[in-house]
Each structure stands twice: as structure tokens, then as C-alpha cells.
Amino acid sequence: MDDIPGRIIENINVAPGYFRLVIRLERPLGKASPGQFVMLKIPGEEVFLRRPFSIFGSRGKTLVVMYRVAGKGTGCLSQALKKSPVMVLGPLGRGFTIKKRDAYLVVAGGIGFAGTRMLLEKLGEKATLFFGVGAKEELSVAEDLSGICVHVSTLDGSRGFRGDVVSLLGQHLDACRQKDMEVFACGPAGMVKSLRALLESGHIPCQVSVEERMACGMGLCFGCVVATNDEINPFKRVCKEGPVFSIWDLSL
Amino acid sequence: MDDIPGRIIENINVAPGYFRLVIRLERPLGKASPGQFVMLKIPGEEVFLRRPFSIFGSRGKTLVVMYRVAGKGTGCLSQALKKSPVMVLGPLGRGFTIKKRDAYLVVAGGIGFAGTRMLLEKLGEKATLFFGVGAKEELSVAEDLSGICVHVSTLDGSRGFRGDVVSLLGQHLDACRQKDMEVFACGPAGMVKSLRALLESGHIPCQVSVEERMACGMGLCFGCVVATNDEINPFKRVCKEGPVFSIWDLSL
Amino acid sequence: MGPLAVELFGKKFKNPVMNASGTLGYAVEIEPLWGVETMGACVTKGLSALAHHGNPVPRVWEERHGMINSIGLQNVGVERFFSDHFPFFVEKNTPIIVNFFGFSEDEYLSCAEKIRPHELIAALEMNLSCPNIKKGGISFGKEASTVYSMVRSVKGITDIPLIAKLTPEVKNLTEIAIAAYEAGADGLTLINTLPAAAVDVKKRNVPLKGGLSGPILRPVALRAVHECSKAVPIPIIGVGGIMDAQDALAFFMAGASAVQVGTATFVDPFAIPKIIAGMEAWLVSAGLDSIRAITGVTHE
Amino acid sequence: MGPLAVELFGKKFKNPVMNASGTLGYAVEIEPLWGVETMGACVTKGLSALAHHGNPVPRVWEERHGMINSIGLQNVGVERFFSDHFPFFVEKNTPIIVNFFGFSEDEYLSCAEKIRPHELIAALEMNLSCPNIKKGGISFGKEASTVYSMVRSVKGITDIPLIAKLTPEVKNLTEIAIAAYEAGADGLTLINTLPAAAVDVKKRNVPLKGGLSGPILRPVALRAVHECSKAVPIPIIGVGGIMDAQDALAFFMAGASAVQVGTATFVDPFAIPKIIAGMEAWLVSAGLDSIRAITGVTHE
């Protein structure tokens, strides 16, 4: 973990509301595992706290983040010019744990794809991606996947399955039931809930990356907790004990 | 008076610590009289309140300000890039009142020159400028004066009279005593005090531009007062009733 | 009447946005930029029975996202206000709220007495943050019992609706709000500035102590409005760090019936007209036909 | 010992800079970036006799130049702290100040009792902003008489130096500071967060109420330190919105003998080491050989 100065070298609008940010760091980011994230200081004085973003890609001194404009911070970020200075704290958190399995099903909802990008790279052909978005334009977020089987859902039906990604997964799940498989997921809270409902009966192992408001991103403030089934110490820090948890440990 | 958006088109270091700022406004600044000032919103979010600056020059949509780096706000301003957006509120305050006289003696201390620049332009050849600075490098602030008689003092003796500008004025004053003359001055509080001591005996009319911390610059907050001899209402607003006062009305 | 119209203290206001006392001079100063009639009402500078010269400089100090002031309540006195400045409001046909103060109960009373009812005087706003010189300079607004008796005394001598403006530097603001209400206050203005000090590191001194205002006050003011508006049934005017229409809307949602804007005007002299326009645009875009639809919506 | 060395509560500290309680986790979390031994002392997370789970989310909310938190004092309990986390400080040979709280007098006492003297325990820091559940949730720090009796009780059962950490939401902080001093407190920490509320305009709700921290607290904290340090002879630890060395110096000038840094670490995780280095550089450039030279210089 390190806090590294960097400069924006690319900040482009890849789909409505989605931006690809490329940062040139002064030093390479430490080795990151899939599911880890960084805390980014947004250029300017307007945004007080840093913002958490998944590591979309990292090689040498280059860091790639994919983000969706959600509010003040990401709005400001989307206005940032090339060469603007940033600070990057990371890699942070506990990412996905990869055990040897026959099959990996990766479920990504919208910008949640950013949290699975490195994982897909690592899993390679053994992974099947279930990617759900609102409309087909958003699919360009996941353009450069090769050798991975992808199933797509759109809420408006403009491409692939019409509906949400968990229903899409449901359709494919039976075909895989026999296998030794694991589900990895990243997406909004609603998706996580319905995913759990879907997987409940089969006792399928599932790791999910969750989101919570953060102040520090490194376990200092206890601001980002999620409720788990741990009786002694139910509230776990998303930034430290997470962001990836077994879906069965969460108290949703 | 108007609040006008503008962009910085030049921000150059003309002498150690002194900057010339040229702003292109969306609309022309209203007609300004010598001694008036503007409240400038410094680019970025770091500086909360606006800062007062004398109108150094104004023609059409172009405004020129000369400033010295004094603290946080002027420090930030000196870093501002070309094209940075600013807001300019003005012209503000009550400037110098010019009555017909035989001679005008203009006394400027350091950056106080900025407060007399328009006045000198208006008075033309009838004015004699007494300009005091620390060292000769600062004289470039007043480079483009033509047809005006200038006497210079430097504290370090690197050019002209060695010492402060009020002593310099003292040396010339006797020569003019007989004439119907008026002194106009702008400079630090210490200069104003010694100027008053110098002029005390001769009852020479003298208008002086004073400085005080400001929040609004337009008479709203009563933050920028100076004590006068007015018994009923001693505290006058520098931004509204001033910045120019008769030196004899001030309670120094 | 548009979607921003409100009724307060039995009077109609075309919108619920006012300047905060002491931040718009005598109001005529803003005329070159926008007309005072833009606001639902104009709040006067703090007035007292006799004129006050105020404090020596420095009177203002910049802070990150805010400022400290120590103006010292400079004003021409209530009588000269009515002879010299009130005619301006009559000419502009703009309702005013007369902010007033004193350094003793008598001073409050003698000031309030001098203010005769007039159709343009919508209310009196009693600044209770003032130091009580008989009590060693402790402000009147500190104790519920003092607030109760002060409000009651003033209510006894005037027929003009009375708003109590409270200081946040107390143990329990809700208790004070209830005391003002029980004593007969027709409304509350929340909050006045927060006592603070500036340190000049270069000069190694404390150039001034005074009241903190601006955005840094906003979360404290919102809490005050949220809690007090649940506790008392009278209208609350929210003030503290409102910079834009979103900030103003937050105060209505927290329970305010009107808002005042102070420091923002120093940063952007058009802040008030922009806030009024922004609130109106927001109501339209939200499909609401009155600001009352969101007043107190956060009280679940 | 360098120019930043200070002596407090009869102990020597290599510098007078600490983290603020609750803003550095259990301290081990910062190790990947810098060592906890960089600080004069490390202040623990707030501990209680029994473990606390804390509040539901959202627990943090961003404000302009600050934040609101409502962590709810989550902690593993004082016993597990000493079994699981204290060995880390022993290994790092770093003095700690143990911040603790309770929701009743008994809870405070039973927590303090469990803390056995140790050469690395420089002091206890009693967080008096806690709600007293027996008194309807009014915080202990509100009344001088309560503060007096609470401090006195704890002093009666421990030999470790005791620091009282006060809440600013009171009528008169100086009075409270005097009460803590008279009850035997060995020092004061000023100030805890300021109660505030956030409004989510989009969702039209109040997502959380909690404590305001960060730069927006600084002018209020400076005033507290300035006034209380004149009123009591015990050392004061200043805290509230310190972001850089200049801010820290302002607190010393106002009268603090040490400072704590909280929210700044979230914005810049290296804030604390930078502040220490910056203060040292400033002292050198000012030609001063000890930080004590500027402590309280503003008290004319």
C-alpha cells in the first residue's frame, strides 16, 4: 500500500455517464489482487474526502479506473482536465479469493463490472460473465474482453436478455448445477439481495464485492461497515475486511 | 457597478513579488474614476472571500490589475493560469476628487502605486509623482509613465533617494509651498501616518486612499471601517465612504 | 402568487427568502445590482435604542469556507433608521423584519417600543446573542429562563409579531426554542453565528474573536432547524451557510418555513436572486406547486 | 530530544503531535504507510467496559471542508483491546493515551478500573461527550457539576494521569474546563466534534446526525483552546480541523501544549508525519529551539 502522486493522462466518456480514467503514477502501484480498490483524491479543492474506485487495470506506472458519474465527486472528476494532479492510495482491501474450481460465474451489474475486470483477466477462459446494464450503450464499458463467454442483459431489451442480470443468471444456473463452481459478483445492493435469494437453495459458494460510503478507505474510521452474521463483531469494515465477502456471511 | 465574468489573459511577474494581471471581461466595466477598485473572485475554491484591487487600467472589456503577493489569496492568484475564470465586481468606492489646482503631488508607496495609476493618467503633466519602493527592481511596476515628473526613493538606495518616500517628498515640499497644491497618496498605513506628520504644519490639502480588510467591498457588512473625526458616526466604511478620505478627517 | 409564496405570522410573502441581518447594509447598497423587492422580506441591520459605533478593526477574518466577524453591532440607532432608511423600503414597497438588540433588558424594551406598527413591518427579530452587561457579558440567549422572560417582556409592549433569533452556543437549543415559544414568540430564527477565534500565525496573535458564518455553519444550523422544528409549532427561519438553492432546499426539508442568506452575498452578490430563481426552478422540475410541499419532509 | 519534545503529565514525549481518538483505527492499520512511533503518543479508539457494535450505516457524510460521523463508538471492549491490540504498542515502544467512555458513571468507572498502569500508558482520555442514558441521553459533558463529579470519581480509582475531553456544545466551555480542573483532571482535550445534521436533498431525508469534524471545526476549537488555556493551569491538547503544520502552530499559539489530528488523515494519510516535519522546519526557520517558545504567545 502506498499513496502515490499521479497525473490524469486520459479521462474519456466511453458510454453515457461512464468514464475511463487513465492515470500516470510517479511510482508503480503495488501488486493488486482482483477486487482491490484505490482511494482517489479528486483534483481541486471542492471535494473534501477521497473516493473509492476499483482497480480496473494496472500495469507499471499506469492505472486505469472506470467510473460512472453518481454525484459531486464523480461529477467533478468527469470535468478534470488532462495533466490534473491526483493522489492514489492503494491497493486497498481484501479482494476475491480464487480457489480451484471447475467453473466460475462472474456477475456484474452496471459499473459493478469495474470491480470484476481484473478478476476476469485472472480467471480467463474458465470464467463466464453475466453482465447486466440498463441499455446497450453501456456495454462499451466491457469492450475488450476476449476468450471469455459473455451473457448480456439489458433492462430495456436493447441487447441480449431483457431484464436484470440475476434473472439472466437464473436461466443459466441449472445447466451448471452439477459442477464444482463459484459465483463472484459486484453490483448494486439490490442485485446482491436478489442474487442471494437465487443462490439460497443451492448453497452455491459466492463472493460479492460490496459498496459503502467511506472516509478513509484503510480501516481507520470504521465508517464503512457492513452487517455480517458474526455474533461477536457483526459490523465489518468494507475497506479492510472487505470489500469482498462471502455472500453467506452478510446479514442482508 | 456590475459583477462581470471574465477570464485571465495575462498574469505576469513584472518585478519580484509583483504581478500584472490582465482580464478580458464579458462586458465592459462601468466608467471608473481614479482611486476606485474592484472585488476579484480568485479562481479555484481555495479562497473564500473576494479580494480588493485598485483599477490599474480599464479600457473596453479589458481590465488591468497590478498586485503584490501578500498572502493566501494573492499567492493563489499568482498561480492562476491563462483562461482561468474570475468574477469582477466594480467599480467600487469613492475615488479621488480632483479640484482645479496649480500643482498635484502624488505619493505612492510600493504597490500603493496601483491606486494612483489612473489618477496620474488623468492629471497628466500637472502631476509630480513621488514613488517609494524597497529596491530598484520594483520600479518596473511604474514603467509606462510619460510626461510626468517622477521622483524616486528606494529603501536600499539602489536608485534615486535613499530612504522612504515621505522623506523624499519632504525635500521637495518647501519648493512648492507657495502654490495652490494638493497631495494625493496611496500606500501602507505607516506611510500615511508619516505623511500626515509631514503635512500637519502646512495645512496642505491631502486625499489618501486607505486599505482595510474587506468581506463584501460594497458597504454591506461594515467590516472595513476606518476611524474618522466624525463624532456622531466615527467609523466609515473604506469600501463605500472610501477608500479615499481627506487625510485630515482620519483619526490616525 | 407563485410556488414560493408563503404565509407567516399572519402575513403573505411572495417568497420565503430574506437576507440575514447585518449582511446587506441598509439595503440601499445592493440597489445597483438588484432590487430589494426581489426578496420576500428584507431583514434590517441590527438596531438598538441608541446608535452604536461598533468595534475597532480588524472586524472580519477569512476562514476556509467561512469567515469570522466582530462588527460590534454598529448602527445608527432605531430612530435614525426610521427617519433616514425606512422611507426607502416604503418607496420600494418591501416588507421588512426589524432586527434589534440591547445590552440590557431595558435597552431591548426601549428599542422595541420605538418601533410603531406599519403595514410593511412584518415582524421584529430579537437578536438574543447579545451580551448582557449586567450579567458580566453572558449572552441573553444562553438560558431558557432568560429567553423566556426577555421574549415575554417584549411581547408585552408590542403588537408586531416577534421572532426570537437564537445563538447556537448553548447546552440544549431545543429547550431554549421551547422557552421562546412558550413565552409567546411568533417564530424563531436559527441560528446566529458560532463564537470562534482567529489566530494569525505570522504575527503570533489573536487578531479577533467573533462569530463564525458561512458554509462551515450549515450542518450545525441544519441540525438546529431539524430538532427545533419538531419541538415547536411556530415557523422557523433557517440561516447559516446557505450558498445556493440546494442549500436552501435542505433547510426547508429540515423544517424551515423561510430562509435567510448572509455570507453568501459577500462571495457572490447575486446569491439571493439566484437562490430564489433556483428554488423556483427546482420546484417546477420536481413537479411541486408549493414550497410547503417539502417543508419538514425529513420529519419522517 | 529535538525542539518538539515536551513534558506533559510528568512524562516526556518526543513530540506533541498525536492522532485524534477514533481516526486511526487500532493504529496497526497505518503501518503500511508510516510507523505509529512517529508520534509523541498514540490515542486509542474510544474503549468501553464492554464491546460496542456501533451504529448502522450511513456512518459518515461528506460536508464542504469537513465531515459528519456517527460511528457509534464501535470497539472491541477494553479487555480485548489490552489482550489483542496493546502488544502492538509494546512492540513499537510507543506511549498511548487510552480514550474511554461509558453510557453511565458505572461504565466509565468499570472501564477505567480495567486499565492497569503501564509505563507506556501516558494518560487516560475521558470522552465526556457520551450520552448519559440514565439522564435521557444528555451528554455528561454538558454541565459543570456532572463533569466535576465524573472526573472526581474516575480520579478516585486510577493512578494514571487523567485527561478530560470536552464537547463544545455547552453554554460556557470555560466553566466546564474549570470544573474538570478543580475535580483533579491532569489535562484537557479540546474539542470533540460539534453536533450536526446532514440533509440529502435528492432523497429528501436526514441520512444521519452526528459529529462534525475537519477544517470547519478549527475556528471553534481555537477559541476553546484560547479561552480555556487562560482559565486553567493544566496542559491542553488542541484538536479540531488541523490539516497542516500552520494549523497546528495556531493551536500552540492559542495555548495548546499538544495537538491531535483526526480528519486530516482521511484526506491525506501522511498528514501527521507531514505536520511533525513541518512544525520542526518552522521552528528552525523561526530560530526557536523549543515549541514551548510559542505555546500561549497570543495571551498577550
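Each chain carries a letter (A, B, C and D) given by its place in the written order, and its residues are counted from 1.
What we mean here is this: contacts are C-beta pairs under 8 Å (C-beta built on N, C-alpha and C of every residue); 3 or more make two chains touch, one makes a residue touch a chain.
Fair warning: this is a prediction, and the values are worked out from it, not measured in the lab.
Looking at chain A and chain D, no chain is in contact with each of them. The greatest centre-to-centre distance from chain D, using averaged C-alpha positions, is reached by B. Computed centre separation for the pair chain B/chain C is 36 angstrom, with centres defined by C-alpha atoms.
The distance from the centre of chain B to the centre of chain D, with each centre set as the mean of the Cα atoms, comes to 47 Å. One inter-chain figure worth recording: chain A and chain B are separated by 58 Å, centre to centre, where each centre is the mean of the chain's CA atoms. Shared interface positions of chain C, defined as residues touching 2 or more other chains, are 63-66. Contacts with at least two other chains are made by no residue of chain A. If you draw each protein chain as a dot and join the dots that touch, you get one closed loop, with every dot joined to exactly two others. A complete list of chain pairs in contact reads A-B, A-D, B-C, C-D. Of all residues in chain D, those touching chain C in their complex are 63-66, 68, 138, 142-143, 169-172, 194-199, 201, 204-206, 209, 212, 215-216, 218-220, 222-223, 226-227, 246, 249-251, 253-254, 294, 297-298, 300. The residues of chain B lying in touch with chain A in their complex are 44-46. Of all the residues in chain A, the ones that touch chain D in their complex are 1-3, 41, 47-50, 72, 87, 89, 212-216, 218-227, 232-235, 240. The touching residues of chain D, when paired with chain A in their complex, are 22-25, 29-30, 32-33, 45, 51, 53-54, 56-67, 69, 71, 74, 76, 214, 263, 265-270.
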